[in-house]
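Next, two complexes with chain A in common: one pairs it with chain B, the other with chain C.
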Partner chain A sequence: MGYQTTTAKMNAIFADLSKEYVIYAPKRYVGDGTFVHIDTIRYGEITDLSEIEFAEKSNYSFKEVLLPISETLFYFTENEMKEADAPKKGAIVFLRSCDLHGLKRMDAIYLENGAVDTYYKRLRDNTKFILMGCENSFENCFCVSMGTQQSDDYDAYLKVAGETVLVDSHWDVLDAALAGATQTPVIPDSVTANDTVVTIPETVPQTLFDSPFWEDYGNRCIACGRCNFVCPTCTCFTMQDIFYTDNGKAGERRRVWASCHVDGYTDMAGGHAFRNDKGQRMRFKVMHKVNDYKRRFGTHMCIGCGRCDDVCPEYISFANCINKLDALVNDTAKEEN
Partner chain B sequence: MLDLNTKKIKKNAYRVTKVRGETASRVRVPGGLLTAELLPLIQNIAETYGNGKIHLTTRQGFEIPGIKYTDIDAVNALLQPIIEKLNINQEIPGKGYTSAGTRNISACIGSNVCPFATYNTTNFAKKMEQEIFPNDLHFKVSFTGCANDCIKTRMHDFGIIGMTEPQYEKERCMGCQACVKACKKKSVDALSVENYRIVRNTEKCVGCGECVINCPTRAWTRSPETYYRLVIMGRTGKRNPRLAEDFLVWATEDAIIKIIKNTYGFVTNYIDREAPGGKEHIGYIIDRTGFSEFKKWALDGVELDSRTIVKGPIYWGGIHYD
Partner chain C sequence: MALTELNTSKSENPYIPFLSEITDVIKHTKIEYTFRMTYHGDVKPGQFFEVSLPKFGEAPISVSGIGDGTVDLTIRKVGKVTDEIFENYVGDTLFLRGPYGNGFDIANYKDKEILLVAGGTGLSPVKGIVDYFSAHPDDCKGFTLLVGFKSPKDMLFKKDFEIWKKNINIIMTVDYPDEHYDGNCGLVTQYIPELMIKGLTDAVGIVVGPPIMMKCTISDLLAKGFKEENLWISQERKMCCGIGKCGHCKIDDTYICLDGPVFNYTKGKFLKD
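Right, the complex of A and B next:
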């Protein structure tokens, strides 16, 4: 159901909801960027709609709400363990269409890929998603190429225009709260084209895995992992077992984000690592995003938010890599014919 | 025939050169940043009254050689729009630069461009210009954005080196150790790992911000406040060239401005009255009075932040030729 209301009323509704939910949205963190006097836009708790950064793309995705950068899974003593408590409150997350598609990728990995991940599920089940519209495409966005520019799989859509708030609710709690508001059809803003257009090869022949094509990336990538950390569909984690320093017999197990670009990702017992070359790390990531995942789950993993291109300190473009790879695949096919 | 008062000419920022009859105009640019529209004006002076050449000085100025002493008034008129645009603290409008004692305040490119910078060096330099110019006493002040010290503040009477106090949000850290590697390889190895999390040795940390720059998740961010390392009494010269030593660490902007202004009082009181040209490097005066006397004058009425570390007594090294 669509509604028109005011920011004051909507803020009052969120104040009421905040008894049950922590509300997360992209916020501007002034001066918290990589360089001095540069802001970061990332997810944080909000209490007022005015805190939400609607005008710009967030540097980091919403994924840290469902998959915290560092999450204690359980505590252990000599003979016992106790699972860490789930947050007392649920979560409401403001996000754009591309990220909402990213949520489906996270669900596929954590809920539909063999055993269900308890820690993800208990957060996921208690989270509501509010769509933020996109009136314009941002730099490096290629959602249209990935088919993620629209989504109706939301609990609500919300648009702020001055003092007016437009809501399309799919959530009975919100419908009840907005009962007195003017009803009106509300259609989410979405883009129909991006400046960046990506063409994905249907299949990439195995022979290209060792192609010199990847060497360029081996020379350029510095293995910082930023592309992974900003990506809403990178879901890898690793474990850290901590023994409390005062005791040593008690501790906790944490899981933390991991990155296939960062040194150590493929380290094994005995000190081996099977993907030391950074070009091969790029190959692994790219193929996972636009080839391997699709073979298992039927859709491409990449949702075209372009954050990896926004953040790379070495100006490596993932989007351009796919286009170059597509050209290479076509050339290879011609040669074989 | 030429009948000149060379003292007045020098005070007007003209040089008495080795070429009889010719002077050179020195156009100083506080903080080293100017808009490109001023370049044609400087070009015009060089081509109309100079010999068509411009020397880039080490203190971020333009020296325009080959000017006839008799053209000084005409050159001053052409300098006026430059002086106004650069917001030079001028004594008499239309009469060119006043006083060449305190040298142009130089600055590295800072946060306008440089990823390592911790503050806007040009803005602080310009602020300092308003506080201490014009002045006849020989002071050299420079600003650098980070501990790399590209402007070489340690060869100045006062060097201001930017610092940030890294803020660590441990919940945003997954332990990739990019900060640890950067600190070890590019800075002072102040970071270590304990239970997969980072421990910063606050005594070693120089506030360069490498951890912040290299952190991929914003676990490390900058402090809202910018801090500065104030290094003092570095110098070049014939007798005892030496690098500046730390005076204050984690100091604030206000404290630095007050200390430098206080030092003018100290120098006025203790300068060698027989010093050639009325100019004596501050460092030599401190060598004579002792550091503690300087410190008393310098810190008079200065409010120090609770984080600020005051070093002392300071002993300078360098090479002694005297």
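Right, the complex of A and C next:
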């Protein structure tokens, strides 16, 4: 159901909801960016709609709400393990259409691929998603190429225009709270084109895995992992044990974000490592994002947010890489004919 | 120590390990011991458990034997988790998660002529297959075990070899003999040409060991006339969560911890890290 209301009324509704939910939205953090003196926009708790950064793309995605950067799995003593408690409150997350598609990629790994992940599921079951529209495409976005520019899989859509708030609700709690508001059809803003367009090769022959094509990336990439950390669909982690005192017997096991670009990702006990070459790591990531994930799960993993291109300190462009790879695949096919 | 119900039974939460009792420790070499652990439940050779050591972390260890209410885990001391297990296992329990992975399906080898080629610790994940056909020799048309160790000091499962040799044709070789050793020397691949295989088009080959050894062995077996679809391998990769979540074991569209580590060669040959 669509509604028109005021920011004051909407803030009051959120104040009420905040008894049961923590509200997360992209916020501006001044002078905190990758490049000095540049702001970052990342997720944080909000209590008022005015705190939300609607005008720009967030540098980081919402994924840390469901997959915290560091998450305690359980506490241990020598002979006992105790599952870490879930947060008492649920979460409300403001996010854009591409990221809402990213949520499905996270679900595929954490709910469908092998056993259900206890920690992800308990957060996921208690989270509501509020769509933020996009009136214009941002720099480096290629959602249209990835087909993620629209989504109706939200609990609500919300748009602020001055003192007016437009809401499309799929959530009974919100419908009840907005019962007195003016009803009106509300259609989410979405883009129909981006400046960046990618063409994804349908198949990539394995012979191209060793192509000199990747060497350029190997020379430039500094293996900082930022492209993975900002990506809403990168979900890898490593487990770590922390103990409280050296000789004490108590501690906890955590999982922390891991990156396939960073050294150590494939190390096995005893020292053997796969993909020491950074170009091969780029190949591994690119193939996962726009090739092999699709063969397993039916959609591409990448949702075209362009954040990896925004953040890379070496100006490596993932979107360019896909297009260049497509050209290489086509050239190789021609040569063979 | 009394084991509480809570700790010994599996949790709904796949990350929480359960306590398992160490019923025996068999020392093969200075750095390789087999821990016989209590475990009640289905398990196959080539599957693995995560041995979980609070404070130190986890290590994936493949099942090297299956008993009545027990599994054998042959652990090599190569990192902080396994170091700690060796030094401080005085406690009579270990925490485990698993079993994970697909494992070897004995049914794929029944009524066939079997050649198993193993290098070093690669023998652990396939040992359950040897155990089975050693106990049921009539279930196959002949079983040859071709196994290589670095040196006589690195030999594993010596007692088991004594049992196996009754029903199984064993060729053992070492890379570096010492003065007391009077057996075969050199790489396993040196012994492939002389192997007598009766029906090459139906014989199955199982190959497990270090990456280079597997590569050379497979190419020699193919040259000898084995069919690709009759070859089986087990891929060792970095396993962490064991349940398709952490991403570390993924190769192409395959999660080794879910879809492997055992692959028919027709699929396994396409797995490129």
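Heads up, the rule we're going with is that the second predicted complex is superposed on the first by the 332 of 337 C-alpha atoms of A that agree within 3 Å, B and C clash if a C-alpha of one lies under 4 Å from a C-alpha of the other, contacts with A are read in each partner's own complex, and residues count from 1 in each chain.
Keep in mind that, in the parts below, a residue touches a chain if its C-beta (ideal position, glycine included) is under 8 Å from a C-beta of that chain, and two chains touch if they have at least 3 such contacts.
Note that this is a predicted model, so its numbers are computed, not measured.
Asks: After the superposition on A, what does A:203 contact: first (chain B), second (chain C), both or neither?
Replies: In the superposition, A:203 contacts neither chain B nor chain C.
Asks: Considering only the touch criterion stated at the top, classify A:240 as touching first (chain B), second (chain C), both, or neither.
Replies: After superposing on A, A:240 lies in contact with both chain B and chain C.
Asks: Could you tell me if A:68 is touching chain B, chain C, both of them or neither one (first, second, both, neither)?
Replies: The answer is first: A:68 touches chain B but not chain C.
Asks: Under the stated touch criterion, name the partner, chain B or chain C, that contacts more residues in chain A.
Replies: Between chain B and chain C, the winner on chain A residue contacts is C.
Asks: Figure out whether A:276 sits in contact with chain B (first) or chain C (second), or with both, or with neither.
Replies: neither
Asks: Tell me the contact category for A:288 with respect to chain B and chain C: first, second, both or neither.
Replies: In the superposed model, A:288 contacts chain C only, not chain B.
Asks: Have a look at where A:260 lands relative to chain B and chain C in the superposition and call it first, second, both or neither.
Replies: A:260: touches chain C, not chain B.
Asks: Taking the superposition as given, does A:76 touch the first partner, chain B, the second, chain C, both, or neither?
Replies: Second partner only, chain C.
Asks: Under the contact definition given at the top, report the residues of chain A touching chain B in one complex and chain C in the other.
Replies: Of chain A, residues 238, 240, 243, 258 contact chain B in one complex and chain C in the other.
Asks: Of all residues in chain A, which touch chain C in the complex?
Replies: For this pair, the touching residues of chain A are 73-74, 76-81, 83, 109-110, 113-119, 206, 209, 235-241, 243, 249, 251, 253, 255, 258, 260, 265-271, 274-275, 280, 284, 287-288, 292-293, 295-296.
Asks: Write out the stretch or stretches of chain B touching chain A in their complex.
Replies: Where chain B meets chain A, its residues are 111, 115, 117-120, 164, 170-176, 178, 194-196, 209, 212-219, 221-222, 224.
Asks: Quick check on the complex: what are the chain C residues that touch chain A?
Replies: Within the complex, chain C touches chain A at residues 1, 4, 6-7, 11-17, 19, 54-59, 76, 78-79, 81-82, 91, 93, 95, 236-238, 240-241, 243-248, 250, 252-253, 255, 257-258, 270, 272-273.
Asks: Where on chain A is chain B touching in the complex?
Replies: Within the complex, chain A touches chain B at residues 29, 31-37, 40, 42, 60, 68-70, 224-226, 229, 238, 240, 242-243, 245, 254, 256-259, 262.
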